[in-house]
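Next up: some structures, all given as structure tokens.
Next, two complexes with subunit A in common: one pairs it with subunit B, the other with subunit C.
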Partner chain A sequence: MDYGCVILKKLGRREMTNESEDDLAHKILKDIKAPSDLGLLRCVQCGLCTSMCPASRHSEYDAREIIKRVLDNDESIIEDEIIWNCFYCYTCHSVCPVGNSVCEVNQILRQMAIDKDVGKKQIESFMSFADSFLEEGLGIIPKEYHGQLKIDYGKHWENLQENLQEVREELGLDSMFLLPEAKESVDKTLDAIGFKKRVDSIKEVRNRK
Partner chain B sequence: MSETNRIGVFLCHCGGNISDNVDLDKIEEKLSENEEICSIKHHENLCSLEGRNIIKDQILRENLDKVVISACSKITHGATFQKYIQPLNPYLFEMPNVREQCSWVTEDKDKSTKKALSLINSAIETVKYNEPLKKIPTKVKNSVLVIGAGISGITTANSLAKQGMEVTLIEKRPAVGGAMIQVGKVFTPDKMSEDCAACLLNPVIDEMVHNDKITLLTNTVLERSSRNAGNFDVILRKKPDYIDPEKCTSCGKCTQACPSFAPDEWNEGLNNRKAVYKPFPQAVPSTYTLDDDFCIKCGACINVCPTNAINLDAIDEIISLTVGAVVIATGHQRFDTNKRPEYGHPFYEDVLSQMQLARLMGINGPTNGHLQVPSTGKVPRRVVMIQCVGSRDQMPDGHKYCSKVCCMVALKNANLIHSHYPDTEVIICYTDIRTPGVYEKYYKYVQDNGIQLIRGRPGEIAREDDHLIVRIEDTLTHNKQEIPTDLVVLSAALESSQGTIDAAKTLGVPLTEDKFIKEKHPKMQPVSTDIEGIFVCGTAQGPKDITDSIIQANTASTKISELINGGLEVEPHIASINVKKCVLCGKCVDNCRYQALSIYQNSIRVGPIACTGCGDCIITCPQEAISIQGQSDERLEASIKGILKDKDDDEQIIIAFLDDIGNVSANNMGINRVECPSSIRIINVPFINRVKYKHIKYALTHGADGVFLGEYPDSYKHDEIRENVQVMKKHLQEDGINPERLIIHSVFIPYFRGLASQFKEFDDVLATLSS
Partner chain C sequence: MVDVDKFIPTENITLFRSCLVSAEYPGVEASTKFVFDKLGVEYVIDRNQSCCTGLGHYYDIFDELSTTALAARNFSYAIRNNHKQYVPMCATCYAILKTSAKILNEKDDVREEINKAFRENGLEEFQYNKGDIDPRDDITHVVDVLYYLKDKIPEFKKRDISNLTIATHHGCHYCKVHYNDTLCGYRNPEIIDKICEVMEAPALQWYDHKPRHCGSGFRQRYANRELSLDATVDKFESLHKEKVDVLLVMCPNCQLQFDRYEQVLEDMTGDKHYFAVMNIAQLVALYMGADPYKVLGIQTHTVNVEPLLDKLGIEYDSTEDTLHVRNE
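For the complex of A and B:
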């Protein structure tokens, strides 16, 4: 009812306790990555997420605790390495009875950590993916991972990589690489949206070691 | 409208409340220019006995036929002046509200005087169209249909019968008693004990069976219902009586002979029963019944029946009744736990619902009251109960509401297990324990008995070796655990039963978003529905326990007694049909949300009890054959005309059509002395749809600067009204009128300050439009 809203705005608990809507929970809700119906403020700490979460089962990570700390406006969570234990399986997201999503909250927290610099070293090792994107305009698996993939998938995979061009030709497929003008256009776009700059700033943590 | 009018105007000072801020002498001077006014009188307090004498004296002396009393709101003294104008018909007067809606909300005395004059002029024009009317005495039939013979339906039926009404009690199932008879044990919080449900219920059932005024029909559903004036014509369908209840001696030989099996509903499918069976040993009626979904018509039962009671060719029975009222007591059903496969239904047979557990513990249950793990037949070492399965759950198919009784049900069953099997450990996993009032004592008592409570909501149940595993985080201690257990019990939500949804559809009663029967008002009228004469009680209206169901059942019977025994005198402002114009298209009948209209013997009949005079039917009628008695279109136009009569060139006037809620809100503005722009002139209409485009156009082309519509948004017509306003705005554009001059807002009784600021805002907008 309209009436209720007016009264709440005027006499709301937040105003009386001198709290405003710029606490961590609201920052997350206002984040561009947050779905409009994210049930963060509806969380009653029932713990269903934790009971199902594989990361919570095998590490110190506790999905419910992440939300608790966000609601407590505990900004130290952004710097806490625990947020990097979630591996986005989305189980918490699919079971929450109030429509909250711990993994999506985590994604936003991680973005905050990256913006605050502390998170950069967590994703620095993924920058070779960015490089392939910058160099070829494609999201291909960087060379540095090939060693491990060889071990994981064995000889067959190695053969495929070595003879990829031939296999594709046999199948009647064109080159998997972009045409030079397309590459140029992707390059320009990545420059314009600040992707390059961002990659550089993340890589920069390597020099600090 | 009569040819000549002899109108008398009486101006009340209201002890200064009006006269201090309205120049009544000036008004008298202005009014005396009007030839139709035969008499103008002032008085300090017209509502006093002295005032009464003045009014009566003038009516007789001047031979007045219509009266205008400029005073306070009709809500305050309308009834008073209805009496004071005798010997005139009580509907031949109008009361411009010059106090709440003028002198109390306008600071400037000149403006206030001008506004008062315009309100009085409006009343003078309006009253010319008032007709002599009579209140309509009504009486409905002294019989009631009660749908559903659980604790709520039986309680209502007993109470109605004792108050002298003829009751037909129908039950879809073959036996009465509903969920209460099935549940076995009920808690009694003040005694800290669990009592036998059947022992409490049987005397109530006996009373029903032995009351001559109650006709019980089992295996019977409501098939059709139509409104017939104040009554309901209903058609019931009773399943075939394959077994003649008069001949059946309940010997049970047929059951022994029957080769066909079906899941036993009474035991929640934990075991099977035969196709010919008695639902449970203490069933009422006690005769055997035949389930034609599972009967293979082999005739084995016929061969063994000693009384020749069985006839497999029996056909169903159609029963037609006319009743004065209907009670929906169709109860609830339990959330289908198969919709939450993560909790192991239907994969693990050792996962039960609370009702299955109750049956397993029931002395007349499948194990004669012995608690056994279904897969092993042994007493469980540990039982884990999971709360809020399907309740407080926004997931697909879940229910957002709290089912209200599950905490007590779990505590009751946990304590029962504990007292019979002290070696069995019981754990309840909960999000919040909700045990209001004295129930909290029972919760503490159960906790003290050693029942463990873990605050956490488990996500899944897995099977490991010969037992189940419940994964949970104890959110209070942070402890993530995997609890091995023999038995898991799910506290499934209470949800609206199919019978409730069917009854609502057949009777045309609206449902809530959760599909329970929607009460007329959830706080003030909890057992009435939007349809006058149809009532609801028990869990058909929402989750509740036995005590609350009984309270509602008795309330429903009292409300019905008021209607049937007391009779009603209804205000005469109801729909009336011009039979010459009506083509019986039936659009009005379909549109009326109060089911006040019906087609009867080639004419539209209006039910005076059901009709609220809202006038919504008027705009649905393609023949313009409907009017509301005493509220014609011409009369509404006259109200507008009167307001605009003495308008000055530089004066801004807004006509505000407010529904009853809006009108009260505007009165509150006066009572709280909230300033309201003097341009506002309120016309109270019964329903916003009553205002037609022609009225709005008339106002805006005859001097009004703006039209404000104030609508209480709590009706299913709300969206339609808002769309209609958009259409009318388009019409205004086409007619060369700025559509911004028409505005609609929601109104609420306590929101009078908001209404005042909406008025102010609109007033400002119109001022800039004009300049």
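For the complex of A and C:
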């Protein structure tokens, strides 16, 4: 029997018995982000995902290993910094022979980390995006990083930021901002769905530092 | 018209605005409008539309429920407006909207939770009914529309662009997320190439790392700059090796990565070669005679596009660009 068959047998057992319905893999499958046909339990550890993955090519990250740890019910992965290296490029997702998606599994793991302080600390430097969304209904490049960006992008980029309105007018474009009533209903929607609470809890961790 | 197996709209379109296009490359919006007007595509832009959340979603700031609720809100405007065909200019918007529509159609508990939140907060008008939006047929990228109408493009030819060496870079979130909806292949994506062909400006059939991502990686560009740029270098060096004149993209995220970082990448690799970075809609607009500053908005690009115009023999008045710092 070749190696692949052994793995298939093992995984088949995992899928057949209900011994661990509350293990990490099943928690992931029940998550709002998991499509109903996510092939997590069918992973054959072929490594195709790793072979095409930019994070695996350029860092300690290993896409296949992420799935292995999940299937081994290794909950320490939630606190492991390595999950923050994924590019969310979906390359793994598009090549996986069994319909698994390391990309989506990673997104769920990060949300699990964000339920704890460890994940909130990873994203607090992006909070100006949330603030902009609450104020304007628009995304922005996170202000927290503008210092480095000004160095990388040069003076031209600063000029563009300062003259954006004028440039848009030259191009015959309408205002990029939402209508006032629309801004208000975005704000109400985000309040109603609990996003504001989420933002507050992330900022609370930031401010505690 | 081209035979394709998903519905491609040419009317009742809401051109879905992108935060990065709006603030970084607004000429992509102006070019798309220019080309759509020429081709007779009927569309509106709606200032009730919020951003898709995409960047924040993939910075992990937005949770799925919030993103989906905002999508339901946006869908309701498009439906009431009789322009429910969403056509985004950005690959991230495209994939996020499709995912949201799928969740709203397939996950009854999530849809009900969102509708309940709307009902209890005086937002009944945003409620979503199962099936309101078909994720495959009602959400298409600008390139899908251009591809569908490609045989009409040469009717509006004003300029010859056939002497360019072109490489194409297809957005991962167009090709790889909802890959069953991707036209012209997702492992070796070719949809932009097919649009180039009709302009008699064929793109390179292959270059090393062609199907690879741009390296931006959402949070990685900001929080993990070295990792992000290391990944970009793979493709960058390959483009240099092929001596391309222009890299064509279909997503503002990719445009930013190659255009804004070109100098940084040159410094990192010690490799020098000029190439411009443009959205495919900008090149089609240029081919159709659009003004480089007033339609393409090349003044917003970090890498000057003027050398490309010189190669094409297109006249321009560089004083129209007041953003670049010139040492004259």
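One rule holds for everything that comes next: the second predicted complex is superposed on the first by the 172 of 209 C-alpha atoms of A that agree within 3 Å, B and C clash if a C-alpha of one lies under 4 Å from a C-alpha of the other, contacts with A are read in each partner's own complex, and residues count from 1 in each chain.
Going forward, contacts are C-beta pairs under 8 Å (C-beta built on N, C-alpha and C of every residue); 3 or more make two chains touch, one makes a residue touch a chain.
Remember, predicted model here, so these are calculated numbers, not experimental data.
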Mind telling me which of the two, subunit B or subunit C, contacts the most residues of subunit A? C
So, does A:L160 touch the first partner subunit B, the second partner subunit C, both, or neither? second
Where does A:R57 make contact in the superposed view: on subunit B (first), on subunit C (second), on both, or on neither? both
Just subunit B (first), just subunit C (second), both, or neither: which does A:A130 touch? second
Which subunit A residues lie in the overlap of the subunit B contact set and the subunit C contact set? 57, 91, 95
Counting only contacts in the complex, subunit A reaches subunit C at residues 32-33, 35-36, 54-55, 57-59, 84-91, 93-95, 107, 110-111, 114, 119, 122-123, 125-127, 129-130, 133, 137-142, 144-145, 148-149, 152-157, 159-160, 163-164, 167-168, 170-179, 181-182, 185-186, 188-195, 198-199, 202
Contact set on subunit C toward subunit A in their complex: 17, 19-20, 22-24, 26-27, 29-30, 45, 47-51, 53-56, 58-66, 69-70, 73, 102-103, 106-107, 110, 114, 117-118, 120-123, 126, 172-173, 175-177, 179, 186-187, 212-213, 215-220, 222-225, 227-228, 230-231, 234, 260-261, 263-264, 293-295, 297, 299-300, 302, 322-325
For the complex, which residues does subunit B have touching subunit A? 342, 388, 392-395, 398, 431-432, 455-460, 471-475, 478, 480, 746, 748, 750-751, 754
For a test of understanding, state which residues of subunit A touch subunit B in their complex under the given definition. 1-3, 6, 39, 44-52, 56-57, 62, 64-65, 91, 95, 97-99
